[in-house]
Amino acid sequence: MSSGPIVVINPNSNEAVTSGLDDALAAFRFASGPGIECLTLAEGPFGIESQLHSDQVVVPLVRLVERRPDASAFVIACYSDPGIDACRSIAKVPVFGIQESGMLTALARGDRVGIIAIAEASVARHRRYMRRMGLGDRVVTELPLNMSVDETARGNRTFERLVEVGGQLVGRGADAIVLGCAGMARHRQPLEDKLGVPVIDPTQAAVAMAMGVVLSAG
Amino acid sequence: MSSGPIVVINPNSNEAVTSGLDDALAAFRFASGPGIECLTLAEGPFGIESQLHSDQVVVPLVRLVERRPDASAFVIACYSDPGIDACRSIAKVPVFGIQESGMLTALARGDRVGIIAIAEASVARHRRYMRRMGLGDRVVTELPLNMSVDETARGNRTFERLVEVGGQLVGRGADAIVLGCAGMARHRQPLEDKLGVPVIDPTQAAVAMAMGVVLSAG
Amino acid sequence: MSSGPIVVINPNSNEAVTSGLDDALAAFRFASGPGIECLTLAEGPFGIESQLHSDQVVVPLVRLVERRPDASAFVIACYSDPGIDACRSIAKVPVFGIQESGMLTALARGDRVGIIAIAEASVARHRRYMRRMGLGDRVVTELPLNMSVDETARGNRTFERLVEVGGQLVGRGADAIVLGCAGMARHRQPLEDKLGVPVIDPTQAAVAMAMGVVLSAG
Amino acid sequence: MSSGPIVVINPNSNEAVTSGLDDALAAFRFASGPGIECLTLAEGPFGIESQLHSDQVVVPLVRLVERRPDASAFVIACYSDPGIDACRSIAKVPVFGIQESGMLTALARGDRVGIIAIAEASVARHRRYMRRMGLGDRVVTELPLNMSVDETARGNRTFERLVEVGGQLVGRGADAIVLGCAGMARHRQPLEDKLGVPVIDPTQAAVAMAMGVVLSAG
Amino acid sequence: MSSGPIVVINPNSNEAVTSGLDDALAAFRFASGPGIECLTLAEGPFGIESQLHSDQVVVPLVRLVERRPDASAFVIACYSDPGIDACRSIAKVPVFGIQESGMLTALARGDRVGIIAIAEASVARHRRYMRRMGLGDRVVTELPLNMSVDETARGNRTFERLVEVGGQLVGRGADAIVLGCAGMARHRQPLEDKLGVPVIDPTQAAVAMAMGVVLSAG
Amino acid sequence: MSSGPIVVINPNSNEAVTSGLDDALAAFRFASGPGIECLTLAEGPFGIESQLHSDQVVVPLVRLVERRPDASAFVIACYSDPGIDACRSIAKVPVFGIQESGMLTALARGDRVGIIAIAEASVARHRRYMRRMGLGDRVVTELPLNMSVDETARGNRTFERLVEVGGQLVGRGADAIVLGCAGMARHRQPLEDKLGVPVIDPTQAAVAMAMGVVLSAG
């Protein structure tokens, strides 16, 4: 297995999101540990907010993966896990999707998982993907913030809405919560403190799994 | 969340196993990273080879967890995940079982998982536990080496048997393999090289998840 | 198969509970039928109200089973089915857990089963166990009375709460109800009359199954 | 609940089968216990060997149930559980089907159940019914003897075939076996002794459940 | 495969229902296409409103199927799919049930299906049948109009109730709706226009599948 | 709903495949019936034989769908159902995928479905997609011919292999077979005659469903 960096790809072209990923992963970097490199997919749309956005980044993602034979693992940092099958089919190293990693990690933290989506439109897409994962019995439901990605990035109302929607999920029986978006890591700890149940940032979950693979190859 | 060590507990009293865990986790330790401390449960049997062995360590495990309020996370390093519910019910920090973590991690590496058990006797116990996890659709099956823990620890035939049984699992459709035992980490990489599919050591998987939680708490 | 008694074990040390079991099983005793013997586990806590309580009785239960080679079957009369795997692994005769027997019997009485728990704390434990049984599709949900075992034993409000909670389960679609506790048998018939759907006392269900085995052995 | 007899209905018109049921249930009768009455459905075919046979007995079964308002419970003693929904829809007392009761009882005796059918033709019918029960995860498979009902009733080769087919089911992982026919009770104990796993006669299982209901109504 | 007509059987004896089927299928008839013949089962009850009604038509349905060896396919046009197994067991050509065809077709139109039943009494019967189909994960729920078949046939309140109940299903997450009755086809398009999600008439769905088979046999 | 044609898109650029689709659908065309137009996706690869092939046609497929606002329905005629979610998200009319339609139609023809793939490589992709459909309980398995698309198109060994692999599926319990490829329609009837169980051509199944929608819109 390569001793190169874990390459985390933001499949949208918004550099602010990439830089947020960098912040969220700061604690995962060690002097002698595996490198963690966050990249922006230049060809991506400014935000991935529809099925078509998700599908149109697949080929560019594959090309980017091909250009990095030095990577020890890849993380696709968009909650729709775009291109995960295609990237896996051509990569020589493990590829992690943040929805998959986030959900699997949540299952080690609670018995029934609730997910907070940004927008209603992505809920059905995520549900189909979770059914494919075969995890249906342990999912409470996914509820949307009903905000635009832009609003969540800037607005001070975001945390308020996270508490509201997270509280609804807990009320319906969720004992672990996944943030269904790549750009919410800064709210993870405060939301966990507020709700009293584990809150999982999916990018951190994916990078932890990637580190596990890289270090196991030690 | 505590900034103390990740405490990995070997619930049997065989110090050689604990020292094997320490070796398997060497690469997971960084100067500025979370400490990883491997402990032996003095009250445990020499090996956990039956349902009763698994049940009798629960109360001592809980007592050990209670004595370590400084821990940032616990890992129970026996593939039966003994006492996981009881330890979770009293711990203030996350508790990981290696079967649960190993299986969940495998689901991010392949579509259908096969498990290699040491002994036939544990297969049914593990199957009940996997059904409880709700992962049945993605498990191919679990096959035993039919060796004693002692034999596997010493014998040079162990790797040969791992290749045989792992090959049978791949032949039945498994595209990821979990080592169903805490003491096989040294065979992980060679077996992966031989079989051509990812092989997961469950203790490394659990520690990676635990690191993810600790580092996310930043 | 032994012609000895069916041994019903109350795993808590409250003799009043054991004597309630005796009453609930009075009608199951016949001059020429199998004996039914209700025992108290002296080593048990006064009530089993937590995961740890449930786990700490396993080893004493196994020892008690070992001391009764004359039994023709065992029934573990606590709704968490503590020690069922360990007792089965050492007993030469069938071992029934009352949650398992109660749920399976309910599935022959209705299409979708609701369960009344004493306390919120046990709901998640029971849900994991039901998932392990593989019965999820036919379970409506489990709702707690939110009373202490002590209150339910004495209080005249118990029946009132059973009607309330049972009515909620019927309202959500349950057409059979299981009493999720060993000490509610006296309320079974009145609750069934009130709710208009079958109500199952799990200890009676388990003893009926045990009698079936003993009588089948002719 | 009525204090009348448990009425066991053989839906075929072969009196020899009814008399075999009477023998199989001899041990379930007590001086002061509930009566157990075995009846032959005069309008039934000589054997129920096809879907049409199974469907054509439904209306006569309902009429018979209507003629017995004194019954405390009914058992439909054909492994296809013909008319179970219709009989339940008009009976004031519980109605048990032997397939349903046999399968549910087996789930309290083993983790994975295998079923021995008489003829290949009924295997698909039973599988659809088991899927409806929601028990699929715990069923190994059903294998046929490939004998006619007549042959199984007379032939001395029947036990030999039961051992063969039962052994195949155990070989595939079954740790409990259900006899998929109303007329095999005399082979239950010898087959259990031979195979070393519990063998369930479904009529005995259904009558045990029916007794449980009647005695609980005490 | 026969080049004869697709025979659509209304298993109740209400000619008005049969004539409604004829209307609903008008657009499916082409000069050179397969014939579509709608028949009334003279022996049927005036409406199929209970389990017993559903069971009592099975034998007459089989006899009718036997009298039409010229048919190229059969459609049983009652939402309980009465006699589907028996008819399939004797027919030489495909037999479609409208519940089965309606549900399967709905799964190609939406991710989660809701069903509108006429009466509460049939909801449980349909749920057991859907569980047997193995489609549970994709069913939202089935809600009744709580009207008699007669009322729905005449009343001008029918459409109003369809909109109400359909709206509740959409509110609970259904993105495709099945009309759980053979006599609602005239409301299909208006209801779809009103609700904004696909609405499936099950008889049209079954005839489309039947045409597919007939035309494939070219 | 539009009265325009049903547009069947071959997402590869091999005109011979498109012309084969035209032949397979000849019987579905009527003078007064809906038009059926088969198109080649010029931007597609010559054959879709990998995950990346499947993903790279999504955007061109969406563009083609956008260029045909006159269509009354779309059928994506590649067994991987590429772009089905994206096309549905932008189309105003129903979009059918042939894998989805083929599987759903097969479930109305048999109880347990087997699938014949061209190449081993697509089996895992199809399995993930079937899991997402939620149909796992009724799938026997998918087995590959292990031929190239080219070989299957020309070779006279194709039918021989179909009989071999189809026979293996029947031997494992399949009572309906789906041809897992858009270009096998000419073998459907001969294979059905040979195997004695229904064989479904998925494009014909999808077009039948599409016709049902168009004709229902009257």
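Letters A, B, C, D, E and F mark the chains as written, and numbering starts fresh at 1 in each.
In this section, contacts are C-beta pairs under 8 Å (C-beta built on N, C-alpha and C of every residue); 3 or more make two chains touch, one makes a residue touch a chain.
Predicted model, so just to flag it, every value in this text is computed and none were measured.
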Every chain in contact with both chain A and chain F is listed here as B, E
Overlap of the chain C and chain E neighbour lists contains A, D
Note to self: chain A rotates onto chain C (CA fit) by an angle, in degrees and to the nearest 5, of 120
Between B-C and E-F, more C-beta pairs in contact link E-F
When centres are defined as mean Cα positions, the distance from chain A to chain D in whole Å is 52
The distance between the C-alpha centres of chain D and chain F, rounded to whole Å, is 44
Among all residues of chain A, those touching at least two other chains are 128, 131, 133-134, 136-137
Contact graph of the chains (line, ring, star, complete, other): other
Which chains touch? The pairs are A-B, A-C, A-E, A-F, B-C, B-D, B-F, C-D, C-E, D-E, D-F, E-F
Counting only contacts in the complex, chain B reaches chain C at residues 50-52, 55-56, 58-59, 62, 83, 85-86, 88-90, 125, 128-129, 131-134
The residues of chain C that touch chain D in their complex are 26-28, 30-33, 94, 96, 100-101, 104-105, 107-109, 133-138, 188-189, 198, 201, 204-205, 207-209, 211-213, 215-218
In their shared complex, chain E is touched by residues of chain A numbered 124, 127-128, 131, 136
Within their complex, chain A touches chain C through residues 111, 137, 175
